[in-house]
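Think of it as A, B and C in the order they're written, each chain with its own count starting at 1.
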Amino acid sequence: METSQRQLTPELFEPVGEDFKDYERIAGPSIGFWRDSWQRFKKNKASLIGLVVIIALIVTAYVAPLLVPYSPYAQDMTRGYLGTSAEHLMGTDKFGRDMFVRVWEGMRVSLYIALLAAFFDLVIGVPFGAVSGLLGGKVDGVMQRIIEVLNGIPNLVIAILVMLVLNPGIVTISVAIGIAGWTSMARIIRGRVMQLRDQEFTLAARSLGAGRRRILTKHLLPNSLGLIIITLMLTIPSAIFYEAVLSFIGLGIQVPKASLGSLINDGYQELRFHSYLLWFPAAVFSLLMLSFNLLADGLRDALDPRMRK
Amino acid sequence: MAALNGNANVEPNDDVLLEVKDLRISFSTYAGEVQAIRDASFNLRRGETLAIVGESGSGKSVTARSIMRLNPEANTIVRGGEILFDGRDILQLSEKQMQSVRGRRIAMVFQDPMTSLDPTMRIGPQIMESLKKHLGMSGNRAKERAIELLKLVGIPSPEDRMRQYPHQFSGGMRQRVVIAIALSCDPEILIADEPTTALDVTIQAQILELFRELQERIGTSIILITHDLGVVASTAHRVAVMYGGKIIETGTLRDIFYNPQMPYTWGLLASIPLPTADRSLELIPIPGSPPSALDPPKGCPFTARCPYAMRICAEEMPEFTRFSDEHRAACWLHHQMAPNVEPPARIGGTR
Amino acid sequence: MLRYVARRLVIMFVTLFVIITVTFFISKALPGTPFADDKLTPQSREVLFAKYGLDQPLIVQYAKYMLQVAQGNLGDSFYFESRPVTQIILEQAPVSAFIGIQAVIMGLIPGLIFGVAAALRHNSVIDYTATAIAVAGISVPSFVLAPIMQYWIGFKWGLLPIAFFDSWAHSIMPSVALAVFVVAIVARYVRSEMLEVLGQDYVTLAKAKGLTYVAVVGRHVLRNSLIPLVTVLLPLVVGIVTGSIVIEQIFAIPGIGTLFVQSIQVNDYATILGTTIFYSTFFILAFLVQDILYAIIDPRIRVA
């Protein structure tokens, strides 16, 4: 140990008053779960970029049409197949429609799908899973069977079947997602609720007389928030992807409306001579998927309680 | 709490096996540098059990891992100090050299037996791994030895148990297996990091008894990391008290329990519920929580929670005062200019 | 263990039953009817309807159909000249299977390598690159990748044939397009599993035994990481099947995917039903296989 060089005066040995005892400062700021996660998230450059890109895409999707005087549906056969130019940032298609506007309309469709998937996840998936996990027993059994069966039917099949009955279009896709898109969220929430239910703090709350509803809202759900966010972030890209695939094979959004998937298909048809019709929507779509996936990964890493060290 | 004379009979000699000098270890994290160990010095004699006592966050586990160099390489920074073993500084050894030390000369038992064993490998091979690597034993010989070891730690029908998986063992049994693994190559030092914390009290007693027996029989030196003074009382020869990354008092078992010299140690002793104590005396828990390792306090780390704190405590770290050959503590109360302070009645009355 | 398997089988059958029922009724609700060819007179149509039993009440049709299916007969296609659906499926399935399996083989090894390397060298350049590739592989859909490949490799450079299925060379691009997805998903799973395992106590214990890095990873880490890998089987299968529907369109491969899409476009009920049932059975079987595999490999389930 180092020897103190200073002169030791008697005052130094006076007892210190109560006011000095600021435990908090010495103990260090207790970083809450959210702040800690946010800090971790910030460190992940890739997901930050993802977040920024998504925001940029969202903004552009709504702002872009205002910047350009063309409507996504206005045809002008005399201006077909024009390449990129200052007027038509992404060129025109076979019918002389401005691609730029169409691409962003397609993006709006994808964003709508994202919102929809999130909505169903939260409105059906979470309650379903939470109730199932909390109540257990027979109720859980029945609910679980339902999920297993729904899960067993491949999403694609459900989507297509719905598509067959109702005319292909935005409504049908919405219905399809509403039927089967929330099952993974339900399963995950159920698992989490069951895990939490068995932990001591639930027991503590119950012994204090908390009713089931209270336990659910004040204890179980807040503790599952991280998991909910993570799962949401994973369902969204796959929902967007599914819509695109369906539109690509012609079972989704129909002409004249535009979806990134259908645009890509159209572009694909023209690949030989007008490849730009493919590249633009493809690039935008890939960018969207990429950013969402990066964001999802980043959020998962940040919110994962096991990674807290 | 078991009787204090647990190990008073076995007299360890003066042969120093391990010497930790002025150890300072930090971790670099996304939040900054975490100074886990700010100054630790102690030594371990052959055949004795040294207990390192402290709260969670005091740095004791890090100390244990540092001796074995098991800290994550990527973000561990050795800020200073030496760990001398067999004439060499462990901190300077190459990874390869370290591998011949680990398991062979120094071995470790971890806290949670439920996660310490590979769930997909049978128990037998997990024990035989070290035997084959360090002692070069053949398959059959290793098997025999493994069975002997299982018997040694008190596991019935070892021949059958060898072929089972960890999930087929109870918590206490698993810990015994972990101990068997640790002892397999007759290490000179056994480091036990909170070996009984995850077990219930009855099993705890069994495991501690096992440690005592093994020490008697084989003469292994043990470093026992714990926060439980009851465990210390029943197994240790000497004790080192750790707080805020620093070792603040060391001494023999009697020194610490009958003549503690630091308010923190007093606090620790006072917060043990004693069945025999005078019920009129209050249980005195120590209020507050340990200091932040990210932004450690300048002076004595215990200042914020110390009922006897003086101004100088917050500004400078006190030096160690020697009370005997073995006993030393670092506290400003021992300075000639400090007021005279009596330890709380509860401590004095503990017999 | 046996009870476990039995339970899964029961669920499987129930699910299949539900699917077939639902599909049946849905396909009946389809707008448009088969034989919509204008050249047919109403009488001929009636005859055809009677021949295919389409004039009977729905319930009867349903019952008959279920019985039929139970016997493995999926009916006759309306579109493809009355050929039994089962036969058509059996003809075209192997094509899709070939491309799919080839894709898995092509993708599994690189995926494993990337994943393991990324986990072992966490937060290094290797990790970032591998993760980047994995994320890209999942994000860029096959229907974007495939045309790109067709354009450059097939069209501009003329290296490989771009359509149809006349030789093995024809299967390369489709399989590669699918394989990218495989690599991405496998790498991701392996990486995250390994990272979790690497943080476990028993790995630290293994190090504490003085084992070399190679031994620790080889003997303890790998085994515990790869076992959960079985759970990637299902998303993998789903992805490949979905992907192949698109790929087959793009590369004009005569597989099940094209059959499916075609049958939808011409309202060929029998084939739609048939392929749906086929797909569903396939998925459910994959699910079952995954569950069983898991039970076999993980000693905690096997030796309960």
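Going forward, a residue touches a chain if its C-beta (ideal position, glycine included) is under 8 Å from a C-beta of that chain, and two chains touch if they have at least 3 such contacts.
None of the values given here were measured: they were computed from a predicted structure.
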item: From chain A, the most remote chain by mean C-alpha position; value: B
item: Chain centroid nearest the full-protein CA centroid; value: A
item: Whole-Å gap between the CA centroids of chain A and chain B; value: 47
item: Chain B and chain C, separation of their C-alpha mean positions in angstrom; value: 54
item: Chain centre separation (chain A, chain C; CA means) in Å; value: 24
item: Of all residues in chain B, those that touch chain A in their complex; value: 29-31, 39, 287-295, 297, 303-305, 308-317, 319-320, 330, 332, 335, 337-339
item: Complex interface listing, chain C residues touching chain A; value: 11-12, 14-16, 18-19, 22-23, 26-27, 29-31, 128, 131-132, 135-136, 138-141, 143-144, 147-148, 150-151, 155, 196, 199, 238, 241-242, 245-246, 249-250, 261, 264-265, 272, 276, 279-280, 283-284, 287
item: Residues of chain A defined as touching chain B within the complex; value: 1, 3-4, 6, 8, 10-16, 20-23, 25-29, 31, 39-40, 43, 309
item: Complex contacts: residues of chain A adjacent to chain C; value: 46, 145, 148-149, 152-157, 160-161, 164-165, 167, 237, 241, 244-245, 248-251, 261, 264-265, 267-268, 271-272, 275, 278, 282, 285-286, 289-290, 292-294, 297, 306
item: Contacting residues of chain C [partner chain B, same complex]; value: 122-123, 200-202, 204-213, 215, 219-220, 223-224, 227, 298-300, 303
